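Two complexes, one shared chain (chain A), two partners (chain B, chain C).
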Partner chain A sequence: MLFTSYEFLFFLLILLGLYYVIPARFQWVLLLGFSYLFYLAANPWYLLYILTTTVTVYLSAVRIEKIRAEQKAYLAQNKDSLDREARKKYKGRQQKRMWHMLLAGLLFNLGILAVVKYANFAIHNLNIVLHTFGSPSEIRPLDLLLPMGISFYTFQALGYLIDVYRGSCSAEKNLFRFALFVSFFPQLIQGPISRFHELSQTLYAEHPFDRSQLLGGLQRILWGFFKKLVIADRIIIGVNEIIKNPEQYSGAYVFVGMMFYAAELYADFTGGIDITIGIAQCLGIVVTENFNRPYFSKSIKEYWRRWHITMGTWFTDYIFYPVSICRPMLKLSQFSRKHFGDVIGKRIPVYLSSFLVWFATGIWHGASWNFIVWGLGNWVVIMISQEFEPCYQKFHGKFHVKDKNWFRLFQIVRTVLLMSCLRTFDCYRDVPLTFRMFGTMFTTGNWHILWDGSLLALGLGCADYVILAAGVALLICVSLLQRRGSVRQQIAAKPYAVRFAAWYGLFLAVLILGVYGIGYDANQFIYNQF
Partner chain B sequence: MDELLEILRDLHEDIDFETCETLIDDKILDSFDIVTIIAEIANTFDVKISAEHITPQNFNSAKALYQLIQKLEAEE
Partner chain C sequence: MTRQKIVRIGLSASVIGISLILLQRLLVPKYVTDVVEGRMIAEYYEESDKDHDVIFIGDCEVYENFSPQVLWDDYGINSYIRGSAQQLVWQSYYLLEDTLRYEQPDVVVFNVLAMKYNTPQNEAYNRMSLEGMRWSWSKVLSIEASMTEEENLIEYVFPLLRYHSRWQELGKDDITYMFRTKQVSFNGYYMRTDIKPAENVPEGKKLADYTFGDNAYLYLDKMVQLCKDNGIRLVLIKAPSLYPYWYDEWDEQMEQYAAQNGLLYVNLLEAADEIGLDYSRDTYDGGLHLNLYGAEKTTRYLGRILQQEYGLADRHQDARLEAEWQAKAAAYEAEIQRQGGYKEP
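Right, the complex of A and B next:
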């Protein structure tokens, strides 16, 4: 059930009606029921997977908390009889028990993810190796179901389990309440990846009807619909035409496809998140923001702090930090210092851990080499810019252009271009083809297609280009206005006529300019596939 | 404290670490810096800072970081 489908609007309408009619203490129960209904509508078998993750993570977390409580009680009871050494020994034993529970929960659930998402990728690569060595046998791919949003809900559940282990949040005692945290439908299929201590503050609370919250949520949903239906679903026609016919569209077309894809991905993903956060707001629930005007970043490192924020912080908190500061890594760092000097020794933990993180980020996006190369491409660019940091500082010390508007603009354009170049791996989904098509940009010399009308043959007419130009200009204006805070609040402070024109105009734009038509079937959100 | 300040100055010589209390909030230290600092602290103070200690409160100032080191030293 797509967010942009009529079925979903009907589903949401019924939910909102019931949500504010039933006693407020049952609201979260209703949400759980509707979340499972949402998942059930996609495929009843999906439920099996999400229920397994819910129950195993719930049990592991409760067990970890129980061990911690036992430890606390034992230490309090034996405060006087235990010396420092005995306390340390006991704590070490308990820590080990908790670690085993954590490990069991992690391995089991990551195992499910690995099998359903990556088994066929592994088999495919194994077959290539077998063929290379002349083996006639071939392993048959598995016929596995890939549950919708499995990467998102698995990461959210495992993040919670690690937080419980670290003691930064308490385990949820009620299985059904925890089930809602894992399956909360607005964020189930494309995030954000919420943290328990944040989402739980409003997820289980009682929410009396609040007209301004509902209105604010609906406005956010409308803005999301505009991004998705008017911009993303329109520009995707041009993107698909270019990337699905690489022999026909090379050179400057690749550049056009790259830039179109940058706009499409932004409108699609941020539009989807706007709808998610808007639905949650209608229900009185606060879902964390996932974007902070990423295309205004001045470096790739900054871009990744502002794009898909919850995924970035997840990888940082649960992979990058633990790996880079674990004992073996620190020992390796010390070893390298001793043998290769301070300069290399210092870099070892950062380089190795960030390599792992970017490899994981790549493969998280999809089980194919193009995503892995894309992830590692990001790693290479970030590491190079990290190494050049002293040069940048020297440059800025000498030329004082850091705060000049033209230099900022240069940095922003550079970042958007770099990110768009890396994303060509995502577009063509084939590593050798991507390199070949990228190369044609510098060899074909057909830049005249930008102004001779050739772009009108990509399935987009003049009217489409006018709508897209206006839509992208509106996105940029809204992003600029966001520097002063919430745009919805800024509009709310305007006179009635302005407010009416803004929201009614947006509503009409979605209604009239959205990409519909006979046999309309809205495009799947890009991030739904993860 | 002097040894810690030296570690921090090695990373960002332009920051006054003795007075700055918003190292994380103002994004002066990023995740790469934090990992380097933890490795340096392990090397200099022989103290292991775990992932759960990586919070803005512990890393926002040199003073807070030094208090964390002292706490961990006492625990070990």
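Right, the complex of A and C next:
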């Protein structure tokens, strides 16, 4: 059920109706039922996967908590009889047991993810190796079902398990409540990747009907619909035309495709998240924000702090930091400092941990070399920026440009262009083609297509370009207004006529200018594929 | 709730309601100049006196091949055609059910070409058949039975959702006919006076299976039952269009079906010579559909059968009906003149 389908709107309407009619203490039970219904509607077999993850992570977390409780009780009981050494030894033993439980939970669930998402990628690469060495045999790809949103719910569940292991949150004792945390339908298929201690505060709470919450949620949903249906699903026509016909569209077309894709991805993904957060708000539930005006970032590093925030923090908290401080890495740090000196020595562990994070980020986005190269491309750019940081500082100091508006604009444009260049790996079918197409931008010299009407042959008419230009201008204006706080609150402070005109105008724009219905492909949200 | 709030809500609801109605009226296709077939189903409801002796039900082979004006002029039979482009059997069944809400004809004539379709076919034709129907349970069931995979009931309930992107193709008609409409048919008959001779009509391709589908039979059975329940005589016909090809195997099935159910089945294609059809003159599109000359001949032939078989009374003595038909005849004649008048062979 796509968020923008009639079926989903009907599903949501029924849920909202029931949600505020039934006794508030059963609201979370209703949500669980509807979440499973949502998943069931996509494919009944998907349930098997999400149930397996739910049960195994639940059991692992409960077990870890039990071991910790045992430890606490034992130490309290034997407070006087145990010396420091014995206490340490006992703690170590218990820690090991908890570690084994954590490892079992992680490996089992990452194993499922690896098999369903990456097995065929591995087989494909293995076959290439076999062919290279002249082997006639070939491994047949597996016919596996890739459950909807598996990367999102697996990471969310494993984040919870690690948090329980670290003691930063308590294990949920009720399996059904935990099942809701894993399967909460608005964020099931494209995030955000929530943390248990944050989401659980409102997920299980009783929510009396609150008109302002409901209206606020509906407004956010409407804004998401605008981004998705008016901008993303319109511009994707041009993007697809360019990237699916690389022989026909090279040079400046690649640049156009790159910039179109930047707008499309932003409108699609942030639109989807707006709908997610809006639905949650209608239900009285607070879901973490996933974007903070990322296209206003002045560097790639900043961009990644503002784009898909929950994924970034997940990788930082559960991969970067643990890897940075793990025993082998500390040993490597000592070794490199000793042999290469402090300057290089202290960088090696950071670079290596970052490399792992960006490799994981890349492959998380998709089982292909394109995504791996894209991830590592981000790593290279960030590392280079970091190395050049002193030079930048020197330059800023000498020319006093740091606070100049034109320089800020330059930094923003540079970041957008850089990110767009890296994203070409998302678009073309393989890495060599991406490099080739990227290269044509500098060799073809067909920049006249930008003004000679060639762009009208991409499946987008004049009216589409006008709508897109107006839509993107509106996105920019809203982003600028967001610097002063929530735009919805700013609108709410205006007189009734202005409020009505703003929201009804937006509704009409979606209704009339939206790309939906027969004659259009119902485009999946891009992040649903992860 | 304060008075100010009530006024505010009332005003907002009015603005929303009125603007959506206006938008919908502007954006839905008007079907008055180009594809007039989309208007025909709705025109029936504008008939002041729904007291027809004969109702034709079916696809383009009824609304282009029979002229109710001739049935009246020659036999005093008051008739109406409830037909639309590629009208499927279940659409005909539900349309008949809908018609019976307004009147009870003596005879229903159903053209059997649609038996070749067993599943929903095409959204554009569905729209033309279904949109004109007034809302009733029959319409809902007809939509449900007709929708292709990409269609959605809600887009029939709120056509604005279907036609929202038509703002890019709005024309003069969309403004002119936003609040009014124009008569496009003559008791459901779509008149064409131009001539395009039938030449090189292709033979039908061999089919793997000539048996009509279960679903088509199901709705034909329902139509038979509906007519029985209402004391209506059902006549099955195959109109004398040369194409789409009408196979002998199909004809046999219809003959058998009619015999089993005690129905009259008339294959007018086989009677083309008896009717006096000249396919070099009596068709406007190379044999797919008849023009005015062909339709008038065919109607005369069928009218004779209807009168002989079912003893339908000549109602010329009914002054009210006569007056109505005289007015219709004037419009009919005016349309012939508008299209360039009768063309001599």
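Just a few scattered comments:
Note that in this section the second predicted complex is superposed on the first by the 525 of 530 C-alpha atoms of A that agree within 3 Å, B and C clash if a C-alpha of one lies under 4 Å from a C-alpha of the other, contacts with A are read in each partner's own complex, and residues count from 1 in each chain.
In this text, a contact is a pair of C-beta atoms (placed from the backbone, for glycine too) under 8 Å apart; a residue touches a chain by one contact, two chains touch by 3 or more.
Predicted, not measured: the structure shown is a model, and the values here were computed from it.
After overlaying the two complexes on the shared chain, residue contacts for A:G485 are found with neither chain B nor chain C. The larger set of touched chain A residues comes from B, when the choice is between chain B and chain C. Once the two complexes are laid over each other on the shared chain, residue contacts for A:P23 go to neither chain B nor chain C. Once the two complexes are overlaid on the shared chain, A:R166 sits against chain B while remaining clear of chain C. In the superposition on chain A, contact of A:P328 is made with neither chain B nor chain C.
Touch criterion met: A:Q386 reaches chain B, while chain C stays clear of it. In the superposition on chain A, A:K346 makes contact with chain B only, not with chain C.
Of the two partner chains placed by superposition, A:P495 touches none, neither chain B nor chain C. Of the two partner chains placed by the overlay, only chain C lies in contact with A:G514; chain B stays clear of it. When the two complexes are superposed on chain A, none of the residues of chain A touches both chain B and chain C. Residues 8, 12, 15-16, 19, 23, 123, 150-152, 154-155, 160-162, 164-165, 167-168 of chain C touch chain A in their complex. The residues of chain A lying in touch with chain C in their complex are 6, 461, 463, 496, 500, 504, 508, 511-512, 514-519. Residues 166-168, 301, 305, 316-317, 320-322, 324-325, 327, 330, 333-334, 337, 346, 349-350, 353-354, 386 of chain A are the ones touching chain B in the complex. Interface of chain B with chain A (complex): residues 27, 30-32, 34-36, 38-40, 42-43, 48-52, 54.
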